[in-house]
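You will see chain A twice below: alongside chain B first, and alongside chain C after that.
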Partner chain A sequence: MSESLIEESILSRPTYGTLKIVPGLAHYFLADASGAECVIRVVQELPRDMMEKVHILYVPTPGEAALITSLYALGAKRFEHFPTIEEAVSKLGDWLSDAKMGTQLYLAGTEGLVGQGVAKGEACGLDHTAVQCEHRGSLARRVQCVHCKTMIENVTTQPVKCPSCDLLLLVRDHYSRRLAAFQGVCINAEDPSEEIEIKEVFK
Partner chain B sequence: MTIQFKDESFRGDFTYANSPSNIPRFPFPFPEDEYMYSTNIEPHHAARVGSPFENAFDVDEHYVAEMKDRALVLADDPGRCQALPHMETAGWDFLELVMVSKARDYPDLFKLTMDGGHWHWINKPLQIDDTFTFGDSSTLPCHPMEYIGRQVQGDHAILDQRDGNLWMDAGIITAQADWSLDFDIGMNFFEWHAPVPLAHELGVFQRALKFLLTLPQGQPSRRLNWTLTVNPRLDTSPENYPKWGPDKLTVTPENIGEKVHLRVELQTFWRLPRSNAILFPIRTYLMAMNEVVTQPKWGRRLHRVMRDLRPELVNYKGLSRYHPILVEWLSQFDDGAPTSPGIFPD
Partner chain C sequence: MSASDHLIPVVVSNVVEVNPIIKRFEFRHVNGDELPAFSGGAHIVVEMLDDGTKRKNPYSLMSSPFERDQYAISVRRDDTGRGGSKFMHEQVQPGMQMKISAPVNLFALDLRARKHLMIAGGIGITPFIAQMAQADKLGVPFELHYAARSVSQAAYMDSLADRFGDHVSCYCDDQGEGIDLEMLLSNQPLGTHVYVCGPKGMIERVVETATNLGWPAAHVHFEHFLAPPVGEPFDVHLAKAGIDITVGAEQSLLEAVEASGTPINCMCRGGACGQCETVVVACDGDIMHNDHWLDEEQRASRQRIMPCVSRFRGKRLELDL
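Presenting the complex of A and B:
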């Protein structure tokens, strides 16, 4: 695949907006440390009697406590935090399994978190119009190796070495919502002897 | 008409070849001396006896060998055949369309007997003789899409229609030109076409989608698409790119005629009756350059098309490594004479 290292964006690549509360019977938030301020921004503006409808899941940066305190202080009906995106997304699935029509989902933070939250919402039957996303923080990507299907988290380099099959992968802009991942395809498959410089590009 | 099915391979020793009588029926994809994207969709009417457009689903001398290659791919990677849960009915629609069409068009090869819901299907070339209850998946050895997909040449995607878009929600894809069903499943029409350069800007996909959303039952359509492949390899999936990618380095001016193959997809579009899904068969035809140039019109025209191909397309279609020597090699078959319109040989 002889593509240039940084492609212009293509139509399967997600775009993100700005979180804004819309009418709903319940409001679920999922954020990591870079997205916490988005949650605080919108929830702070809600009238106190609406807090009964607010449920927040949070993935803090290890060792960080200030944002946990701020999010807890919002007074949501439920607030839980987990050390990994995977655990938080799994909990989101548990919560959404009881959710009713009129549920709204709000996702804020890095692309990996937002993407996995979208996929979980879709898997739980939430219509895409009921999901809002705001991107914050690092541009690190979640990448699926198309060859061995390994998911590689927090990819910041182009290309990236697959930790499982060892192939050097071109990280494409082609994105699967279902997998919440960008596609990684061997960059030197035609000539494995070709040497390719690894650069940090998704900061 | 009895077809002599060839015993040949699409991998390893690559014994695939076209019989001399099969060459003129190749769906040459260039109606003019230059190529640019277009929607180029036309009704899938029966056309030209002996051409690949004669029947609903073309069966040719490669049928049995292609089905063997499909079985090898699926054994190695079951992810090449997937259907989201809501696509079961569409799978039965697909099975019915293929069985009814093949039994009608090739009565010496296929036979279908329907007694209410009780169906009896005989596929002589593949030595299959099965009975099952239509609509009851427990009476088949696998999903209806996989069952019939293992008996029909070409890849098959099944597209669900909702929200004014088409969604790639099922498919049996083992002979693809470098796209991954496993990655693209669940995407809408614009998303799965996202990596294609230029065409979005030209509005090609918007027009094609608009057309497909109103595709009526009983009025299938077709178009041709093309690329080049080194060696007659059907499985040029991204999954196996490290296996077929190095082939590109083996092309030399001496072997280019036998190594480089024109790879043509006869794509057809069918509205399915129960599910309202669209069946999208992608039938691949392969022909070595040496075989293509036996038809003087095709040799001349292919030279002009390749010589003038936009650089973005040379790159996107993965031809960069051998494009210059191909153009040079083809030039010997271009005497400068005008070519006649249309795709059929003179």
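Presenting the complex of A and C:
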């Protein structure tokens, strides 16, 4: 699986690092299939007695089981997996609602997962310096249509058609941390009849 | 320019002996005007005219930020210090006119906090008294943990416990009580900010324990005022002004510069805010850096000095003033 290939862009475009364990009272991990190896990499380095402090949430790709087995084998205090990012993020919120100061959050995987994890951490009172992100896998974007506010998951093309209002959207680098989404803005507002080629760019 | 250039004329409206070492002073504007607004944790600089020496010491405001008809500070008597606290204890009487600066806050509550955890040691209690009034009114959860040497030295302990009930926990060294920091800092909900004001060792222990437990630095706040230390007198050349001045044993370099009429920036007068940072033009000797502002590298370079607390020993010190 490739490491992050994100190029430099405008300021609001998130940048990512490499997960590294820092001192903490508890360590929470959230990953999808592309980020699983990052979790395994850092957690297997930890001494056994630290596993009491480790909590892992995982979103597998449908049908995949090997990574679930490897993550489970790490021996974390809690390990749960969910079919969708949304469910896993909502579980993260439940866990964080009784978490204490000193909690560290580690997010690994696609931008959609990382972005929603960051927003949940922030909503639960985590300081941004207590949240680490590592981007892995597809560059597919989570896009909000700025016109009808629909969230479009896994966008790989430029432009993209809004499934709800049918406008053709230019996917901007402008990223909203609150929404954990890129902004999609109508590309042919002046002349809706204008034909624009749709290319796959966020792979 | 600095906050203490625009002094407010006040009259001492009350002096209360809180215990054998601590007195409380209350000030009102000479015209009865409202005093400037402030937030919990702010301090004022009090000007003392002591027999020809002009001294200016910072003190935290302990009165409620919601009452602006008067300010209150508490001063702990320190007989080994430069004489500021002694002057306040011995000379200042109700009815006396004095000058104070407008409040400046270097220790404000972070209003994004979901809970404020306050840790006070000894006279470090004063900023928290104002902060608790503020947190209480804003309805944000807060807890005070207040440690003192003995019951008799624990200023305001009883009244705070009465006023804020369960929010306040007290500890007295002579009863064998102490704050279990590890335990306290391991049990705070996400979004808590911790504030500590007290002796240097206490501040260091809180900062270290919090850091080891994984608290983000932005959630850890401390008030680290230093009283300018006494020392041997020394001479300084002020390059721009083209004059030589002498810093007396019980005077700070900042006060000596001010006394010469040379302009200099300052704010906290306690080595914490960075405002007085001054370029050293020439230095043949040792600078005693007593501040919390410069980093190791800057100290070693001997090209910067914080005149509010730092001193000099050696042949020649020349400053860009």
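Basically, the second predicted complex is superposed on the first by the 195 of 203 C-alpha atoms of A that agree within 3 Å, B and C clash if a C-alpha of one lies under 4 Å from a C-alpha of the other, contacts with A are read in each partner's own complex, and residues count from 1 in each chain.
Rule of thumb we're sticking to: contacts are C-beta pairs under 8 Å (C-beta built on N, C-alpha and C of every residue); 3 or more make two chains touch, one makes a residue touch a chain.
Please read these numbers as outputs of a predicted model, since none were measured by experiment.
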Fit or clash between chain C and chain B when superposed on chain A:
fit
Just checking: does A:25 make contact with chain B only, chain C only, both, or neither of them? Give me first, second, both or neither.
second
First, second, both or neither for A:48, with chain B first and chain C second
neither
Looking at the overlay, does A:130 come into contact with chain B only (first), chain C only (second), both, or neither?
second
Check whether A:102 is in contact with chain B, with chain C, with both or with neither, and answer first, second, both or neither.
second
Would you please give the vertex angle at the Cα centre of chain A, with arms pointing to the Cα centres of chain B and chain C, as a multiple of 10°?
60
Once the shared chain is lined up, is A:174 touching chain B (first), chain C (second), both, or neither of them?
first
Partner chain(s) touched by A:13 [first = chain B, second = chain C, both, neither]
first
Once chain A of both complexes is superposed, is A:203 in touch with chain B (first), chain C (second), both, or neither?
neither
With both complexes overlaid on chain A, what's the closest CA-to-CA approach of chain B to chain C, in Å?
7
Intersection of the chain A residues that touch chain B with those that touch chain C:
none
Which stretch or stretches of chain B touch chain A in the complex?
79, 180, 182-187, 190-195, 200, 238-242, 245-246, 248-249, 315, 318, 320-321
Chain A residues touching chain C in their complex are 22-25, 96, 99-104, 124-127, 129-130
Chain A partner, complex, touching residues on chain C are 114, 185-192, 194, 210-219
Considering the complex alone, what residue numbers of chain A touch chain B?
1-3, 10-13, 144, 146-147, 149, 167, 172-179, 183, 185-186, 189-192
